[in-house]
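In what follows, chain A forms one complex with chain B and a second complex with chain C.
== the complex of A and B ==
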């Protein structure tokens, strides 16, 4: 069996409403995630991680990487609006390129996973569903699994629509900073467990959180 | 001085030591640990004992993770096995080297090695002797599969001995496939019985099994070898400097399409059986996928071909060192048995 690789994309809202505690919590968690995954030879070898931030536009802060080869993960800066379609379009292009490159390097690529984090309602209400449809189109071979996390102003319906397998809504039992720390830990755990998982055929499979402290789990919309 | 690392039963003179050192300076292509090159010729005095760490690290391919290979904790599981086992024999006209190494993934998580291996000489009632060598790869998702791989090797010997007259009586007949499949089925049955006696689901013992029966007395330079297996472990013949897969459609290191499906004790009917005659200079290799997968890397297979095709045949520790190479992203247990017809 050729070497399997599981790509993870963290797509993170950095609109102006993330200013202060929320953005600080994320920026504090990312180096911990980097250290935990990059320092684990089993998981780092079998997973890849990319960081994409978005407000009115979307940008790649860290291209899809083996975290053991990364010296530091860039920080997010809060500013601007909330445009989901910019994020969905960008990540679709990235997945296309990244999967092709990984295959060219001789890897067997598992379906990419997106951890999508937002704290507000999108400004591009009329555009984002089409961009989301392009990203999750079952006819597009590398369409990703999406786990969506909402807090602050994000509402459960939107999170359900964005998620393809599971959504999580902050339930107010934890402060935003604590909830975001739990979010980051669930992402790290998911990567570590997936990277060290073995299914019956000796392959890897996605290990995802059932529950995240501070969040209520909502099922993804069945279309 | 006995040459401790490479070479077997080979007395090295001082001048040979010097030659070895010179050769090593000019070419490191044989990739053997060069302990002997600097070893003192006589009993070492205190001042002569080396204090540095001159033992070379295993070869690296493709920038492995800096923490790869850390041993970390000891496994805490029922009947955990040692990290590495090494075995071998220098028989008349046949040399065997075998090693089973815990994979770096299991080392990182403090889990036990799930691969097993077995070497023995079996004889029929007419006094014909054969080497029986086997490797077994316990299925990774089953935490007790290290017991299964060990049982498969142990029961295989029992069942081969019980059927050896029948096997040799049909050694070149098409019936041999059926006979071996029955032998494998009985191994599976014993394993299942072992599990059931202990109230365990036999699936917990899931393992692959690949084995070779090698004639100890070749006729006219062609050595009868019967190879068989269940699951995705491999057999190769190193011939003319290249590794030639024994089973058709299985190029060295290629993806094996049905990998991961066939396993003992459940699917013994899937056993593959083939007869192959080995030439005098051929080296037979049977191994688990922990070796065959990184051999996709041309540098790895070229290095192993160099290490095993030439002279001298590696010693036990050297053989284990050769298998201990580190290749990025390949963290499986690694087990191989090599058989030289000399």
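== the complex of A and C ==
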């Protein structure tokens, strides 16, 4: 049987409003995430991780990788505006390429998961819904599951619109740095648990983070 | 109050949560959060269930009581090699979790971001720099670990205890000196009984012939076969029937016997090698092939004495029906 692989994409806002503590918190969390996943042989074997940043444009900081083979990753740097459509368009193209490559390598690819993080309202209010629609179109086989996290100026309604499974909005009880640390830990836990437990149907699943203790698991479809 | 266990636990089997002195939170798993205990509980941890409503408190009590019914030698081995539930933690009538011994120091490794458990999975992959000071053992070390795993399963199965969720994450190993340690022991159930709570399965560690309700002894035997062979082949996904490539240095006799037992592990339920057969296969001792067993002798067809005649050949004695007088 071919090896199942679950791809994760961290799509992270690096607009100018992320300057200072927020961007530092994310950059600081990346080595921990890398060590936790890359140092776990089974989880590293069964998952892949990519890092995409966006402001007025989007760029791939780390292509989809087995984290046990990664030795460095470009840091996030805050500047520019907040353009969601650039991020959604780029990640759609990446998923198309990555899924094709993974299948070519003999893998059975599970539905990709996007962890989307933003601290502000998009500047491209009229464009991003169409880009989001292309990304989440049910007719496009590899359409990803999206977990959206908002803090700072992010608006709960926008976060709900971006998320396809669950949205999280910072409630102000933690500082932005602490909230982002929690975000990074939930991302790490989600990857580790997804890569190391089966769901009720006997398949590997996306283990989602939840605010309350305990996690809800949704089956990660085979594309 | 009972007697002090080999782990140093004073022997209470039900402990109020309010009486615990909690230290650091050591981690959160799928079913619970683990807290270090301080004060009189030092050396132990508290696994606090995330969803206590899903816990069967009676089954947990039965697990806590299980060591008492074992022989002293088995009990000491169980408590030294397993993170066994030593006491239930309760809040009034609600069961909140349980106490277990802290994982011994020998089963911890150092990685860049802190201590890391020496999980069985590190025996199943080519080593990587990110593993810190976890260096998988050579062939002799692997055989040592495998023998200890087999012995642990002999102990558990000999006491009618079924592990169920056997995987690369819940068995730890060390090679200095060699040893193994079983985690998640609240998932263990007595043969024929239900687990404390519904148990997860692990990808690549499922038994294709597992009964729909729950894993049983045959499931454990299948998974024991995976543990043995995957460590000796350094292959995290190998299944019976697939080509096997042992790590260099596995003695020919062991390779031959392990190969044979591994194929048998895919047989129908009831026909899979048990832990004793695996112990023989990986033993340092050679086995002696004995000649084929003679055919079963049948009784000679001798002339029968008249008394051996068929019943219908005997004359019948008519008896008077009861109560018919003299």
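One rule holds for everything that comes next: the second predicted complex is superposed on the first by the 208 of 223 C-alpha atoms of A that agree within 3 Å, B and C clash if a C-alpha of one lies under 4 Å from a C-alpha of the other, contacts with A are read in each partner's own complex, and residues count from 1 in each chain.
By our rule, a residue touches a chain if its C-beta (ideal position, glycine included) is under 8 Å from a C-beta of that chain, and two chains touch if they have at least 3 such contacts.
Remember, predicted model here, so these are calculated numbers, not experimental data.
Chemist: Could you tell me whether chain B and chain C fit or clash when both sit on chain A in the superposition?
Modeler: The answer is clash.
Chemist: Using the superposition on chain A described above, determine whether A:193 touches chain B (first), chain C (second), both, or neither.
Modeler: In the superposed model, A:193 contacts chain C only, not chain B.
Chemist: So in the superposed three-chain picture, is A:134 touching just chain B, just chain C, both, or none of them (first/second/both/neither)?
Modeler: Neither partner.
Chemist: Going by the contact rule set out at the top, does A:143 touch chain B (first), chain C (second), both, or neither?
Modeler: A:143 contacts neither chain B nor chain C.
Chemist: Examine A:46 and indicate which partner it touches, taking first as chain B and second as chain C; both and neither are also allowed.
Modeler: both
Chemist: Touch test for A:56: chain B only (first), chain C only (second), both, or neither?
Modeler: Once the two structures are laid over each other on A, A:56 reaches no partner at all.
Chemist: So, A:111: does it touch chain B (first), chain C (second), both, or neither?
Modeler: Neither partner.
Chemist: Looking at chain A, does chain B or chain C touch a larger number of its residues?
Modeler: C
Chemist: Pick one for A:36: touches chain B only (first), chain C only (second), both, or neither.
Modeler: Once the two structures are laid over each other on A, A:36 reaches chain C alone.
Chemist: Applying the stated clash rule to the superposed structures, which of 45-53, 243-251 or 333-341 from chain B runs into chain C?
Modeler: So the stretch of chain B colliding with chain C after superposition is 333-341.
Chemist: Taking the two structures together, which residues of chain A meet both chain B and chain C?
Modeler: Dual-contact residues (chain A): 3, 39-42, 45-46, 68, 196, 198, 202.
Chemist: Hey, which residues of chain B end up touching chain A in the complex?
Modeler: Within the complex, chain B touches chain A at residues 64-70, 104-105, 108-109, 139-141, 232, 255-256, 259-261, 289, 293, 296, 328-331.
Chemist: In their shared complex, at which residues does chain A touch chain C?
Modeler: Per the touch definition, chain A meets chain C at residues 3-4, 31-32, 35-36, 38-42, 45-46, 68-69, 189, 193, 195-198, 202, 204, 207, 213-215.
Chemist: Under the touch definition given earlier, write down the residues of chain C that touch chain A in their complex.
Modeler: Checking each residue of chain C against chain A gives 28, 30, 33, 50-51, 111-113, 116, 121-122, 124-125, 128, 130-132, 167-169, 200-203, 206, 236-237.
Chemist: Under the stated contact criterion, what part of chain A meets chain B in this complex?
Modeler: So the residues of chain A touching chain B come out as 1-3, 39-42, 44-46, 68, 106, 196, 198-203.
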